[in-house]
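As written, the chain order gives the labels A, B and C, with residue 1 at the start of each chain.
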Amino acid sequence: MAEITLVEAINLALSYEMQADSQVVVIGEDVGKDGGVFRATVGLLDKFGPERVLDTPLAESMIAGMAIGMAAQGLKPVAEFQFMGFIYPALDQIINHAARMRNRTRGRLTCPVVFRTPFGAGIHAPEHHSESTEAYFAHTPGLRVVIPSSPARAYGLLLASIRDPDPVIFLEPSRLYRFAKQEVNNDGKALPLDVCFTLRVGEDVTLVTWGAMVKETIAAANTLQQEGIHAEVIDVATIKPLDMETILASVEKTGRCVVVHEAALTNGVGAEIMAQLAEKALFSLKAPPERVTGWDTIVPYARLEKYYLPNEKRITDAVHSLMEYA
Amino acid sequence: MKIFHLPDLGEGLAEAEIREWYVKVGDVVTVDQPLVSMETAKAVLDVPSPYAGKITALHGKVNDIIKTDAPLISFETDEATSDQGSVVGKLETSESKWDESEVIIGSAKTKSPAIKALPVARVLAKQLNVDLTKVVATGPQGLITPEDVKNCLASSSSPSISTSLSGETESLHGVRRVMALTMAQSHREVVPVSIFEEADISALPLSTDITVRLLMAIIAGVKAEPALNAWFDGKTIERKLFKEVHIGLAVDTAEGLFVPVIKQAETQSAQALRERIDAYKKAVKSRSVSPQDMQGATITLSNFGMITGRYATPIIVPPAVAILGCGRSRDAAIARNGQFVVGRLMPLSLTFDHRAVTGGEATRFLATVIQQLENK
Amino acid sequence: MKIVDRFEIPFYQYLNENSELADEIPPLAEDTAALLHLYRLMVLVRMIDTKAIALQRTGKLGTYPSTRGQEASFVGIGNALAKEDIFVPYYRDMGTLIQRGVKLSQILLYWGGDERGNCFTKDSQDFPFSVPVGSQPLHAAGAAYAIKYHKQKRAVLASCGDGATSQGDFYEALNVAGVWKLPVVFAVCNNQWAISVPRQVQTAAHTLAQKAIAAGIPGEQVDGNDVIAVQHRTAEALKAARENNQPSMLELVCYRQSDHTTADDASRYEPKEKREQEWKKEPVMRLRRYLEKLGAWTEKQEETLLAECAAEMDVAVKEYLATAAQPVESMFDYLYAQLPKAYEKQREELKNLEDVVHG
């Protein structure tokens, strides 16, 4: 078993599935010769050839539209957008076609495409390279939105996403790409979609999060542990469709909940979780549920970036204020 | 491979002399680690390392004069060889391992969920210093209401025996949960008295539909004594008599006790009653009885004797005021006309709420029921 | 200074407005049987089209985009496509779809507001109606790539209007088709109007065909009112695509003899005489006069044909009107291969909803 980073796990999963299924093709800018600007697709061109690893002209809408056409004809495209900030030209294709092809044709044509892209802030990049707008896609019926937070989950969830017969938006937290390694077994086993992962078990408070924020949330849980507060940490992983059952079971136990996401506060995916907690967990709550998120601003340029992203202290502060109630 | 050139050590100095090397070739150094002591026209100062890496060459010996911008030290660093692989930005790397002990897919198996209470009840409990785990919940869906909190406070003055369970327990839900809560409520409110008697059903053919006969007997009974076909409100001390007879029929299932209500039983023929009973039995089995069909009983029949048992003290569910229990019929020796004969006896247990029904009303009711049962 | 490139855009026409043949003609021009077949199709399409407008005006159909005046373009394309080719329509292509196995009643079903209008035939690989303008040529390019990847001998044809050629996606499709040598033909039905925007205001390019030049693929203009030219040039383009992975673009020049859709009022922007003038070039009468010249068509045959088409149309309309709406919960049933648990409750709620009547 190899110890690899998150981005290497992406590469491993792609390699495995391309070997196993001849219909899987990779398409995107700089994915072939260059191996992808983050090296997510490194080595695939050599291994599988130019018919399966396609360096495209610079046209995001085209990348999505092509993938949709290919998928209708039985291919399983994995389309890369270099950064989430550049997926927007493809929104028309994704929302108006990928998400609707099955519905519109009553299942006659389908769209088994994975649209993958690095997302999130914290890498001190120029403007537009720090987007975390998963909410746009989580609001679109017909799509799945999947966000891994560890190398093992990146491997397992990407395999599941490629194998899923419907379109998946696969958002890779760039801040975690090379952060720390993990043992990943290259056994081709997919992890289940549509379900949360409980990373820590605890009785006092439920911390719900995804993506790069898992790092800060775990760190906060460790700090709280030393204070005698035992936090349960849930990695949502599949943002849409949301596995609210797991979150509710946890909140019924702990009675306290903090949702952590780096995306902007208002109408972020945290708002959906809050709404469902109000609907279904009101009588279990010992304190109002809280959100710790990015501000309702454009992600600032690199110099102020660290003030934008939620940090460990903001999370522990939130938990402390919850513990003050009953 | 990187070469560090002697920087301008202060305001345009052209050169400096090596005083002392702190490192040698082959040393691995960190950023800012002092490498060498240099003397300039103005001062003696330490030069810190600009890189982390291994020293591969020192470009001078002690006492050599090095010109500003001339090579001073060569390093072998990691940066040059490793593929940065990022067209923009800087990705944090770390040697730390991923911090995950055991990941659970879905939710962690929990013990019983925390208490469910109306938020306003929680606040009240905190204010009144009431332990929520001690409060008996009577709200919808088993919720603790502010009332419950207050009740708990009232009853907490008396010393209580600890009833908390340990070891492997199961949380009660659904019908069993309702039973637990309802019976407790009944116990708190109703003042029950039970009267026991037997009906001599020797004259009835064995094929008699006993249940239907009991229902019709009850109908006759409440006609004679309407006080037992009523609802009572203990808080307002009000009573509501009913013209219609809605008889609750207790049905036992694996999941627990269900009491569907035969509405307007007084208007129905024996056959209609039997059909209704059968329909309800079926519905209960398939869990398709509607909530409406389980409400509104004005009096209840519990045929507990189907299995075993002679007499019982059946529990009244408020706001009703009476429940008739029927035990297991048996052959027995009866004294008749001064002689012992073998007859068939059916034991009856009537519980009535003595807040709303008198002993006279209850006994007259029971007498009528028995008379109806015994006549062919 | 030196000139590094030039380009030429040919214009193809075999049967002119006066129903006269050009000097050089394809075999189709003398194939009476084939021409009669095309003629019958155009007459049927025109009749259904008129009926569809009537259905909309009487509240029995939703908004409908007429294809009047463009019969030759769509019928010609449909006839040129091979069965195993893939067709990627926009939304005016009735004349093509009916040759691809799609029933008339299904087309009405689509405009009647029922997704099943996109079902076509069970094993059809054609793409569904595409409303976002200019988005579907990319799907055609993608499908063409898959065909190439699977080493099949098939071609893809995407149709769109003149308005679509201003969309970025349109150029992106031509561009990738050119650089990756995809077996796809882009057929632009230039009916001179994009709702109220006339062709001259759409782009400064002299022809739409020359937009292909920018993508490095051949582009030509074809008289969209000459079904012989449309059929022949499309067949040739598909052949080049199928056999040599050569993409190309055809600009079919025709005229929109109707409002953009039944929700539009062209009298607000269309010069009155223009439509009348253009009617002189209309394709159905053009072919009819030619067939009559050949002695292959009579008044009697015309009567019979009209009666047959009317009968066929009647059956289709009845079938459409008799088709019950889908069950309410079908809204949920085709979102995913399997509806995720998270939405099951909503589906049940919807199923139990009383009939919703919107005032």
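Keep this in mind: a residue touches a chain if its C-beta (ideal position, glycine included) is under 8 Å from a C-beta of that chain, and two chains touch if they have at least 3 such contacts.
Not measured: the values here are computed from a predicted model.
Line, ring, star, complete or other: which describes how these chains touch one another?
Per interface graph, the chains form a line.
Based on CA centres, what chain would you say lies at the far end from subunit B?
Farthest by centroid: C.
Which whole number of Å gives the spacing of the CA centres of subunit A and subunit C?
Roughly 40 Å separates the two chain centres.
List the centre-to-centre spacing of subunit A and subunit B in whole Å, with centres computed as mean CA coordinates.
Distance between chain centres: 32 Å.
Distance from the CA centroid of subunit B to that of subunit C, rounded to the nearest Å?
61
On subunit A, where are the residues touching two or more other chains?
Those would be 243, 245.
In subunit C, which residues are in touch with two or more of the other chains?
Not one residue of subunit C touches more than one other chain, so the list is empty.
Quick one: which bits of subunit A touch subunit C in the complex? Just the residue numbers, please.
Touching subunit C from subunit A are residues 25, 51, 54, 56-57, 59, 61-62, 64-75, 77, 89, 92-93, 96-97, 101-110, 141-142, 144, 164-166, 194, 241-245.
Quick check: in the complex, which residue numbers of subunit C touch subunit A?
Of all residues in subunit C, those touching subunit A are 86, 88, 115-116, 118-120, 122, 124-125, 127-128, 130-132, 135, 137-147, 149-150, 168-169, 172-173, 175-176, 179-180, 334-337, 340-343.
Under the definition above, what is the set of subunit B residues touching subunit A in their complex?
83, 85-101, 103-108, 110-111, 113-119, 122-123, 125-126, 141, 143
Along subunit A, where are the residues that touch subunit B in the complex?
These residues of subunit A touch subunit B: 3, 5, 7, 30, 35, 37-39, 42, 82, 122-126, 129, 150-153, 174-175, 177-182, 191-192, 195-201, 218, 222, 232, 243, 245-246, 249-250, 252-255, 282-286, 326.
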